[in-house]
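Right, I'll just put the structure down here and ask away after.
Every chain is named by a letter (A, B, C, D, E and F) in the order it is written, and numbering of its residues begins at 1.
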Amino acid sequence: METTIPMKISGRNKLNGIVTNIVPGIVTAEVEMDIGNGNSVTGVITKRSLEDLQIRQGDELTALIKATSVMFIKD
Amino acid sequence: METTIPMKISGRNKLNGIVTNIVPGIVTAEVEMDIGNGNSVTGVITKRSLEDLQIRQGDELTALIKATSVMFIKD
Amino acid sequence: METTIPMKISGRNKLNGIVTNIVPGIVTAEVEMDIGNGNSVTGVITKRSLEDLQIRQGDELTALIKATSVMFIKD
Amino acid sequence: METTIPMKISGRNKLNGIVTNIVPGIVTAEVEMDIGNGNSVTGVITKRSLEDLQIRQGDELTALIKATSVMFIKD
Amino acid sequence: METTIPMKISGRNKLNGIVTNIVPGIVTAEVEMDIGNGNSVTGVITKRSLEDLQIRQGDELTALIKATSVMFIKD
Amino acid sequence: METTIPMKISGRNKLNGIVTNIVPGIVTAEVEMDIGNGNSVTGVITKRSLEDLQIRQGDELTALIKATSVMFIKD
(Lines give C-alpha, C1' and ligand atoms only; values in the text may rest on other atoms or scores of the structure.)
Protein backbone atom coordinates (compact mmCIF):
# COMPACT_ATOMS: atom_id res chain seq x y z
CA MET A 1 0.00 0.00 0.00
CA GLU A 2 1.24 3.38 -0.98
CA THR A 3 1.11 6.61 0.94
CA THR A 4 1.02 9.72 -1.20
CA ILE A 5 3.32 12.33 0.27
CA PRO A 6 2.05 15.68 -0.98
CA MET A 7 4.42 18.08 -2.71
CA LYS A 8 5.16 21.09 -0.53
CA ILE A 9 5.72 24.51 -2.10
CA SER A 10 7.29 27.51 -0.37
CA GLY A 11 4.86 29.95 -2.05
CA ARG A 12 2.63 30.95 0.87
CA ASN A 13 -0.61 31.81 -0.92
CA LYS A 14 -2.75 29.01 -2.34
CA LEU A 15 -6.31 29.93 -3.30
CA ASN A 16 -8.66 27.29 -4.69
CA GLY A 17 -11.25 28.12 -7.30
CA ILE A 18 -13.07 27.29 -10.52
CA VAL A 19 -11.91 28.61 -13.91
CA THR A 20 -14.48 31.08 -15.25
CA ASN A 21 -12.67 32.60 -18.23
CA ILE A 22 -9.64 31.95 -20.46
CA VAL A 23 -8.11 34.41 -22.96
CA PRO A 24 -5.46 32.62 -25.03
CA GLY A 25 -2.86 34.82 -26.74
CA ILE A 26 0.26 33.88 -28.70
CA VAL A 27 2.88 33.74 -25.92
CA THR A 28 0.72 34.26 -22.84
CA ALA A 29 -2.80 33.40 -21.70
CA GLU A 30 -5.08 34.95 -19.11
CA VAL A 31 -6.94 32.65 -16.72
CA GLU A 32 -9.67 33.91 -14.39
CA MET A 33 -10.88 31.92 -11.39
CA ASP A 34 -13.80 32.32 -9.01
CA ILE A 35 -12.46 31.69 -5.50
CA GLY A 36 -15.81 32.14 -3.74
CA ASN A 37 -16.99 34.84 -1.38
CA GLY A 38 -17.41 37.20 -4.36
CA ASN A 39 -13.67 37.15 -5.08
CA SER A 40 -11.88 36.28 -8.31
CA VAL A 41 -8.21 35.77 -9.13
CA THR A 42 -6.71 36.45 -12.57
CA GLY A 43 -3.34 35.15 -13.66
CA VAL A 44 -1.23 35.53 -16.80
CA ILE A 45 0.76 32.39 -17.59
CA THR A 46 2.48 31.14 -20.74
CA LYS A 47 0.27 29.74 -23.50
CA ARG A 48 2.35 26.60 -23.21
CA SER A 49 1.51 26.11 -19.54
CA LEU A 50 -2.16 26.58 -20.42
CA GLU A 51 -1.81 23.74 -22.91
CA ASP A 52 0.44 21.51 -20.77
CA LEU A 53 -1.96 21.72 -17.82
CA GLN A 54 -4.95 21.49 -20.22
CA ILE A 55 -6.72 24.24 -18.32
CA ARG A 56 -10.39 24.53 -19.32
CA GLN A 57 -13.42 26.50 -18.11
CA GLY A 58 -14.92 24.82 -15.07
CA ASP A 59 -11.63 23.23 -13.96
CA GLU A 60 -10.70 23.28 -10.29
CA LEU A 61 -7.36 25.06 -9.91
CA THR A 62 -5.21 26.47 -7.14
CA ALA A 63 -3.71 29.92 -7.63
CA LEU A 64 -0.16 30.07 -6.24
CA ILE A 65 1.22 33.49 -5.27
CA LYS A 66 4.59 34.20 -3.62
CA ALA A 67 4.31 36.46 -0.55
CA THR A 68 6.86 38.93 -1.97
CA SER A 69 4.45 39.61 -4.88
CA VAL A 70 1.67 40.86 -2.58
CA MET A 71 1.17 44.58 -1.89
CA PHE A 72 -1.38 46.17 0.45
CA ILE A 73 -3.77 49.09 0.01
CA LYS A 74 -5.24 50.93 2.99
CA ASP A 75 -8.13 53.31 2.37
CA MET B 1 -19.81 69.46 -3.09
CA GLU B 2 -16.98 67.21 -3.96
CA THR B 3 -17.07 64.00 -5.92
CA THR B 4 -14.39 61.51 -4.98
CA ILE B 5 -12.97 59.94 -8.12
CA PRO B 6 -11.45 56.64 -7.03
CA MET B 7 -7.88 55.83 -7.92
CA LYS B 8 -7.70 53.06 -10.51
CA ILE B 9 -4.85 50.55 -10.44
CA SER B 10 -3.90 48.21 -13.29
CA GLY B 11 -3.11 45.32 -10.89
CA ARG B 12 -6.03 42.97 -11.52
CA ASN B 13 -6.30 41.19 -8.18
CA LYS B 14 -7.72 43.05 -5.19
CA LEU B 15 -8.73 40.93 -2.21
CA ASN B 16 -10.23 42.55 0.89
CA GLY B 17 -9.55 41.20 4.35
CA ILE B 18 -8.70 41.77 7.98
CA VAL B 19 -5.10 41.72 9.27
CA THR B 20 -4.63 38.69 11.54
CA ASN B 21 -0.88 38.64 12.06
CA ILE B 22 2.18 40.88 11.60
CA VAL B 23 5.83 39.81 11.80
CA PRO B 24 8.08 42.88 11.71
CA GLY B 25 11.70 42.32 10.66
CA ILE B 26 14.49 44.83 10.02
CA VAL B 27 14.00 45.55 6.31
CA THR B 28 10.82 43.60 5.58
CA ALA B 29 7.63 42.67 7.42
CA GLU B 30 5.12 39.87 6.93
CA VAL B 31 1.43 40.71 6.99
CA GLU B 32 -1.27 38.01 7.06
CA MET B 33 -4.90 38.73 6.21
CA ASP B 34 -8.09 36.70 6.54
CA ILE B 35 -10.02 37.17 3.26
CA GLY B 36 -13.00 35.07 4.34
CA ASN B 37 -14.23 31.73 3.04
CA GLY B 38 -11.40 30.03 4.95
CA ASN B 39 -8.75 31.75 2.84
CA SER B 40 -5.83 33.87 3.97
CA VAL B 41 -3.32 35.99 2.06
CA THR B 42 0.24 36.65 3.26
CA GLY B 43 2.42 39.42 1.90
CA VAL B 44 6.00 40.53 2.53
CA ILE B 45 6.39 44.31 2.27
CA THR B 46 9.07 46.71 3.47
CA LYS B 47 9.13 47.54 7.18
CA ARG B 48 8.84 51.17 6.11
CA SER B 49 5.57 50.58 4.25
CA LEU B 50 4.24 48.78 7.34
CA GLU B 51 5.01 51.92 9.34
CA ASP B 52 3.88 54.43 6.68
CA LEU B 53 0.52 52.71 6.31
CA GLN B 54 0.36 52.12 10.08
CA ILE B 55 -0.85 48.57 9.50
CA ARG B 56 -2.13 46.96 12.71
CA GLN B 57 -3.93 43.73 13.64
CA GLY B 58 -7.64 44.04 12.89
CA ASP B 59 -7.17 46.62 10.12
CA GLU B 60 -9.17 46.29 6.92
CA LEU B 61 -6.76 46.04 3.99
CA THR B 62 -6.86 45.17 0.31
CA ALA B 63 -4.21 42.81 -1.03
CA LEU B 64 -3.05 43.91 -4.50
CA ILE B 65 -1.51 41.27 -6.77
CA LYS B 66 -0.40 41.73 -10.40
CA ALA B 67 -1.77 39.04 -12.73
CA THR B 68 1.75 38.16 -13.99
CA SER B 69 2.65 37.09 -10.41
CA VAL B 70 -0.04 34.39 -10.31
CA MET B 71 0.73 30.76 -11.11
CA PHE B 72 -1.71 27.85 -11.23
CA ILE B 73 -1.57 24.32 -9.81
CA LYS B 74 -3.74 21.51 -11.18
CA ASP B 75 -3.96 18.30 -9.17
CA MET C 1 -18.51 68.61 2.99
CA GLU C 2 -16.39 65.63 2.24
CA THR C 3 -12.73 65.09 2.90
CA THR C 4 -11.01 62.82 0.41
CA ILE C 5 -8.73 60.42 2.26
CA PRO C 6 -6.14 59.24 -0.23
CA MET C 7 -5.62 55.55 -0.79
CA LYS C 8 -2.26 54.40 0.54
CA ILE C 9 -0.36 51.63 -1.21
CA SER C 10 2.56 49.67 0.25
CA GLY C 11 4.43 49.60 -3.09
CA ARG C 12 7.28 52.04 -2.43
CA ASN C 13 7.99 53.33 -5.93
CA LYS C 14 5.56 55.75 -7.54
CA LEU C 15 6.81 57.61 -10.61
CA ASN C 16 4.59 60.14 -12.37
CA GLY C 17 4.70 60.61 -16.11
CA ILE C 18 2.93 61.04 -19.43
CA VAL C 19 2.05 58.09 -21.68
CA THR C 20 4.13 58.27 -24.88
CA ASN C 21 3.44 54.91 -26.48
CA ILE C 22 1.01 51.97 -26.24
CA VAL C 23 1.39 48.56 -27.89
CA PRO C 24 -1.83 46.56 -27.45
CA GLY C 25 -1.53 42.77 -27.80
CA ILE C 26 -4.12 40.05 -27.23
CA VAL C 27 -3.59 39.28 -23.53
CA THR C 28 -1.07 41.95 -22.57
CA ALA C 29 -0.26 45.53 -23.55
CA GLU C 30 2.92 47.59 -23.31
CA VAL C 31 2.68 51.14 -21.96
CA GLU C 32 5.61 53.56 -22.12
CA MET C 33 5.74 56.73 -20.02
CA ASP C 34 8.05 59.74 -20.02
CA ILE C 35 8.89 60.50 -16.37
CA GLY C 36 11.01 63.55 -17.12
CA ASN C 37 14.72 64.11 -16.72
CA GLY C 38 15.32 62.00 -19.84
CA ASN C 39 13.91 58.89 -18.19
CA SER C 40 11.14 56.62 -19.37
CA VAL C 41 9.33 53.72 -17.71
CA THR C 42 7.81 50.81 -19.63
CA GLY C 43 5.26 48.42 -18.15
CA VAL C 44 3.48 45.33 -19.42
CA ILE C 45 -0.04 45.04 -18.04
CA THR C 46 -3.09 43.02 -19.11
CA LYS C 47 -5.00 44.25 -22.15
CA ARG C 48 -8.05 44.34 -19.88
CA SER C 49 -6.42 46.75 -17.46
CA LEU C 50 -5.45 48.96 -20.41
CA GLU C 51 -9.13 49.07 -21.37
CA ASP C 52 -10.53 49.34 -17.83
CA LEU C 53 -8.26 52.29 -17.04
CA GLN C 54 -8.82 53.68 -20.56
CA ILE C 55 -5.12 54.47 -20.87
CA ARG C 56 -4.38 56.69 -23.88
CA GLN C 57 -1.33 58.54 -25.25
CA GLY C 58 -0.84 61.79 -23.37
CA ASP C 59 -2.51 60.53 -20.17
CA GLU C 60 -0.93 61.33 -16.82
CA LEU C 61 -0.17 58.06 -15.03
CA THR C 62 1.77 56.88 -12.01
CA ALA C 63 3.98 53.83 -12.40
CA LEU C 64 3.82 51.63 -9.29
CA ILE C 65 6.76 49.29 -8.62
CA LYS C 66 7.23 47.06 -5.55
CA ALA C 67 10.68 47.43 -3.96
CA THR C 68 11.34 43.67 -4.18
CA SER C 69 11.14 43.96 -8.00
CA VAL C 70 14.05 46.41 -8.20
CA MET C 71 17.62 45.24 -8.93
CA PHE C 72 20.76 47.39 -9.06
CA ILE C 73 23.62 47.56 -11.55
CA LYS C 74 27.01 49.02 -10.61
CA ASP C 75 29.47 49.73 -13.41
CA MET D 1 -3.58 -0.11 -5.76
CA GLU D 2 -3.17 3.60 -5.97
CA THR D 3 -1.83 5.68 -8.80
CA THR D 4 -0.20 8.93 -7.74
CA ILE D 5 -1.20 11.70 -10.12
CA PRO D 6 1.52 14.33 -9.90
CA MET D 7 0.62 17.93 -9.18
CA LYS D 8 1.17 20.12 -12.23
CA ILE D 9 2.33 23.70 -11.83
CA SER D 10 2.19 26.40 -14.51
CA GLY D 11 5.58 27.85 -13.50
CA ARG D 12 7.79 26.78 -16.40
CA ASN D 13 11.19 26.56 -14.70
CA LYS D 14 11.91 23.69 -12.33
CA LEU D 15 15.55 23.13 -11.43
CA ASN D 16 16.56 20.27 -9.13
CA GLY D 17 19.44 20.60 -6.70
CA ILE D 18 20.91 20.07 -3.26
CA VAL D 19 20.73 22.76 -0.54
CA THR D 20 24.25 24.05 0.18
CA ASN D 21 23.57 27.06 2.39
CA ILE D 22 20.77 28.59 4.46
CA VAL D 23 20.72 32.10 5.97
CA PRO D 24 17.70 32.46 8.27
CA GLY D 25 16.52 36.01 9.02
CA ILE D 26 13.49 37.26 10.92
CA VAL D 27 10.89 37.47 8.14
CA THR D 28 12.79 35.97 5.22
CA ALA D 29 15.45 33.29 4.68
CA GLU D 30 17.98 32.74 1.91
CA VAL D 31 18.39 29.25 0.50
CA GLU D 32 21.20 28.35 -1.88
CA MET D 33 21.13 25.19 -4.01
CA ASP D 34 23.74 23.48 -6.18
CA ILE D 35 21.99 22.48 -9.43
CA GLY D 36 25.04 20.78 -10.95
CA ASN D 37 27.14 21.77 -13.94
CA GLY D 38 28.81 24.48 -11.83
CA ASN D 39 25.52 26.35 -11.40
CA SER D 40 23.78 27.42 -8.21
CA VAL D 41 20.35 28.94 -7.57
CA THR D 42 19.60 31.24 -4.64
CA GLY D 43 16.09 32.04 -3.45
CA VAL D 44 14.65 34.28 -0.75
CA ILE D 45 11.52 32.80 0.82
CA THR D 46 9.66 33.53 4.05
CA LYS D 47 11.19 32.20 7.27
CA ARG D 48 7.89 30.44 7.81
CA SER D 49 8.13 28.51 4.55
CA LEU D 50 11.67 27.50 5.50
CA GLU D 51 10.25 26.05 8.72
CA ASP D 52 7.08 24.56 7.20
CA LEU D 53 9.09 22.73 4.53
CA GLN D 54 11.80 21.91 7.10
CA ILE D 55 14.50 22.82 4.58
CA ARG D 56 17.96 21.71 5.73
CA GLN D 57 21.45 21.60 4.22
CA GLY D 58 21.78 18.56 1.96
CA ASP D 59 18.06 18.39 1.15
CA GLU D 60 16.97 17.73 -2.43
CA LEU D 61 14.78 20.61 -3.60
CA THR D 62 13.31 21.92 -6.81
CA ALA D 63 13.59 25.63 -7.53
CA LEU D 64 10.39 26.96 -9.15
CA ILE D 65 10.65 30.14 -11.25
CA LYS D 66 7.86 31.75 -13.28
CA ALA D 67 8.91 32.57 -16.86
CA THR D 68 7.88 36.23 -16.48
CA SER D 69 10.55 36.60 -13.74
CA VAL D 70 13.41 35.66 -16.11
CA MET D 71 15.50 38.33 -17.86
CA PHE D 72 18.30 37.77 -20.37
CA ILE D 73 21.78 39.25 -20.68
CA LYS D 74 23.71 39.20 -23.96
CA ASP D 75 27.41 40.07 -23.86
CA MET E 1 45.83 49.30 -22.51
CA GLU E 2 42.33 49.11 -21.26
CA THR E 3 40.95 47.01 -18.44
CA THR E 4 37.34 46.01 -18.84
CA ILE E 5 35.55 46.42 -15.53
CA PRO E 6 32.57 44.10 -15.68
CA MET E 7 29.12 45.39 -14.88
CA LYS E 8 27.88 43.98 -11.62
CA ILE E 9 24.20 43.19 -11.13
CA SER E 10 22.50 42.56 -7.78
CA GLY E 11 20.30 39.77 -9.23
CA ARG E 12 21.89 36.68 -7.68
CA ASN E 13 21.06 34.04 -10.28
CA LYS E 14 22.93 34.02 -13.57
CA LEU E 15 22.63 30.88 -15.67
CA ASN E 16 24.47 30.58 -18.99
CA GLY E 17 22.99 28.71 -21.90
CA ILE E 18 22.22 28.44 -25.59
CA VAL E 19 18.91 29.63 -27.09
CA THR E 20 16.93 26.62 -28.34
CA ASN E 21 13.54 28.13 -29.11
CA ILE E 22 11.90 31.55 -29.59
CA VAL E 23 8.14 32.25 -29.74
CA PRO E 24 7.56 35.87 -30.78
CA GLY E 25 4.19 37.38 -29.89
CA ILE E 26 2.90 40.95 -30.28
CA VAL E 27 3.94 42.47 -26.93
CA THR E 28 5.94 39.61 -25.39
CA ALA E 29 8.20 36.82 -26.61
CA GLU E 30 9.18 33.49 -25.08
CA VAL E 31 12.84 32.47 -25.12
CA GLU E 32 13.99 28.98 -24.14
CA MET E 33 17.60 28.20 -23.28
CA ASP E 34 19.47 24.93 -22.70
CA ILE E 35 21.66 25.46 -19.63
CA GLY E 36 23.27 22.00 -19.74
CA ASN E 37 22.92 19.06 -17.38
CA GLY E 38 19.48 18.33 -18.88
CA ASN E 39 18.09 21.65 -17.62
CA SER E 40 16.38 24.41 -19.58
CA VAL E 41 15.28 27.90 -18.62
CA THR E 42 12.32 29.70 -20.23
CA GLY E 43 11.74 33.43 -19.97
CA VAL E 44 9.05 35.80 -21.19
CA ILE E 45 10.43 39.21 -22.14
CA THR E 46 9.07 42.07 -24.22
CA LYS E 47 9.10 41.64 -27.99
CA ARG E 48 11.11 44.86 -28.08
CA SER E 49 13.87 43.45 -25.89
CA LEU E 50 13.99 40.39 -28.14
CA GLU E 51 14.60 42.73 -31.09
CA ASP E 52 16.94 45.15 -29.27
CA LEU E 53 19.17 42.30 -28.10
CA GLN E 54 18.74 40.56 -31.48
CA ILE E 55 18.24 37.22 -29.75
CA ARG E 56 18.40 34.31 -32.19
CA GLN E 57 18.44 30.50 -31.92
CA GLY E 58 21.94 29.29 -31.03
CA ASP E 59 22.90 32.52 -29.23
CA GLU E 60 24.77 32.32 -25.95
CA LEU E 61 22.75 34.11 -23.28
CA THR E 62 22.71 34.48 -19.52
CA ALA E 63 19.39 34.14 -17.71
CA LEU E 64 19.12 36.65 -14.86
CA ILE E 65 16.73 35.85 -12.01
CA LYS E 66 16.23 37.86 -8.79
CA ALA E 67 16.40 35.71 -5.64
CA THR E 68 12.99 36.98 -4.45
CA SER E 69 11.42 35.39 -7.58
CA VAL E 70 12.56 31.88 -6.64
CA MET E 71 10.28 29.44 -4.80
CA PHE E 72 11.14 25.93 -3.62
CA ILE E 73 9.30 22.62 -3.90
CA LYS E 74 10.06 19.70 -1.57
CA ASP E 75 8.67 16.29 -2.48
CA MET F 1 43.57 47.71 -28.32
CA GLU F 2 40.39 46.45 -26.89
CA THR F 3 36.84 47.53 -27.59
CA THR F 4 34.47 47.14 -24.70
CA ILE F 5 31.19 45.72 -25.93
CA PRO F 6 28.58 46.70 -23.38
CA MET F 7 26.45 44.05 -21.76
CA LYS F 8 22.84 44.22 -22.94
CA ILE F 9 20.02 43.31 -20.58
CA SER F 10 16.42 42.55 -21.58
CA GLY F 11 14.99 44.36 -18.53
CA ARG F 12 13.52 47.49 -20.13
CA ASN F 13 13.75 49.97 -17.27
CA LYS F 14 17.15 51.38 -16.31
CA LEU F 15 17.12 54.45 -14.06
CA ASN F 16 20.38 56.10 -13.00
CA GLY F 17 20.78 57.68 -9.61
CA ILE F 18 22.79 58.27 -6.46
CA VAL F 19 22.41 56.10 -3.35
CA THR F 20 20.89 58.19 -0.54
CA ASN F 21 20.08 55.56 2.08
CA ILE F 22 20.89 51.94 2.94
CA VAL F 23 19.11 49.77 5.53
CA PRO F 24 21.01 46.50 5.98
CA GLY F 25 19.05 43.57 7.46
CA ILE F 26 20.07 39.94 7.96
CA VAL F 27 18.96 38.40 4.65
CA THR F 28 17.86 41.48 2.72
CA ALA F 29 18.86 45.15 2.49
CA GLU F 30 16.96 48.24 1.36
CA VAL F 31 18.70 50.68 -0.98
CA GLU F 32 17.22 54.09 -1.81
CA MET F 33 18.37 56.13 -4.79
CA ASP F 34 17.72 59.70 -5.89
CA ILE F 35 17.05 59.59 -9.66
CA GLY F 36 16.62 63.34 -10.06
CA ASN F 37 13.55 65.37 -10.90
CA GLY F 38 12.29 64.87 -7.33
CA ASN F 39 11.98 61.11 -7.84
CA SER F 40 13.49 58.32 -5.79
CA VAL F 41 13.65 54.56 -6.33
CA THR F 42 13.82 52.03 -3.49
CA GLY F 43 14.86 48.42 -3.96
CA VAL F 44 15.13 45.41 -1.67
CA ILE F 45 18.02 43.13 -2.61
CA THR F 46 19.88 40.39 -0.74
CA LYS F 47 22.36 41.49 1.93
CA ARG F 48 24.93 39.48 0.00
CA SER F 49 24.42 41.48 -3.19
CA LEU F 50 24.79 44.67 -1.15
CA GLU F 51 28.17 43.39 0.02
CA ASP F 52 29.27 41.88 -3.31
CA LEU F 53 28.55 45.12 -5.16
CA GLN F 54 29.94 47.12 -2.20
CA ILE F 55 27.05 49.56 -2.43
CA ARG F 56 27.63 52.68 -0.32
CA GLN F 57 25.87 56.04 0.17
CA GLY F 58 26.78 58.39 -2.67
CA ASP F 59 27.43 55.58 -5.18
CA GLU F 60 26.14 55.95 -8.73
CA LEU F 61 23.85 53.02 -9.48
CA THR F 62 21.36 51.97 -12.12
CA ALA F 63 18.02 50.56 -10.98
CA LEU F 64 16.93 47.68 -13.24
CA ILE F 65 13.20 46.88 -13.39
CA LYS F 66 11.52 44.27 -15.64
CA ALA F 67 8.52 45.69 -17.52
CA THR F 68 6.23 42.92 -16.20
CA SER F 69 6.83 44.25 -12.65
CA VAL F 70 5.39 47.69 -13.46
CA MET F 71 1.75 48.56 -12.66
CA PHE F 72 -0.05 51.82 -13.45
CA ILE F 73 -2.29 54.05 -11.35
CA LYS F 74 -4.71 56.53 -12.94
CA ASP F 75 -6.31 59.12 -10.70
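Note that a contact is a pair of C-beta atoms (placed from the backbone, for glycine too) under 8 Å apart; a residue touches a chain by one contact, two chains touch by 3 or more.
Computed from a predicted structure; not experimentally measured.
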The larger set of C-beta contacts, choosing between C-E and C-F, lies at C-F
Note: chain E sits from chain B at a C-alpha centroid distance in Å of 31
Measuring from the mean C-alpha position of chain B to the mean C-alpha position of chain F, what distance in angstrom results? 24
Cα centroid separation between chain D and chain E, in whole Å? 18
Could you tell me which residues belong to chain D and also touch two or more other chains? 7-12, 25-26, 28, 30, 42-46, 48-49, 53, 64, 66-69, 71-75
Taking the touch definition from the header, please name the shape of the chain graph: line, ring, star, complete or other. other
On the basis of the stated criterion, which chains touch which? Give every pair. A-B, A-C, A-D, A-E, B-C, B-D, B-F, C-E, C-F, D-E, D-F, E-F
Residues of chain A that touch chain C when the two form their complex: 23-26, 28-30, 42, 44, 68-69, 71-75
Interface residues, chain D side, partner chain A - complex: 1-2, 4, 6-12, 43-46, 48-50, 52-53, 64, 66-68
List the residues on chain C that touch chain A in their complex, please. 5, 7-11, 25-28, 46-48, 66, 68
Tell me, which parts of chain E touch chain D in their complex? 9, 11-15, 30-31, 33, 35-37, 39-45, 49, 53-55, 59-75
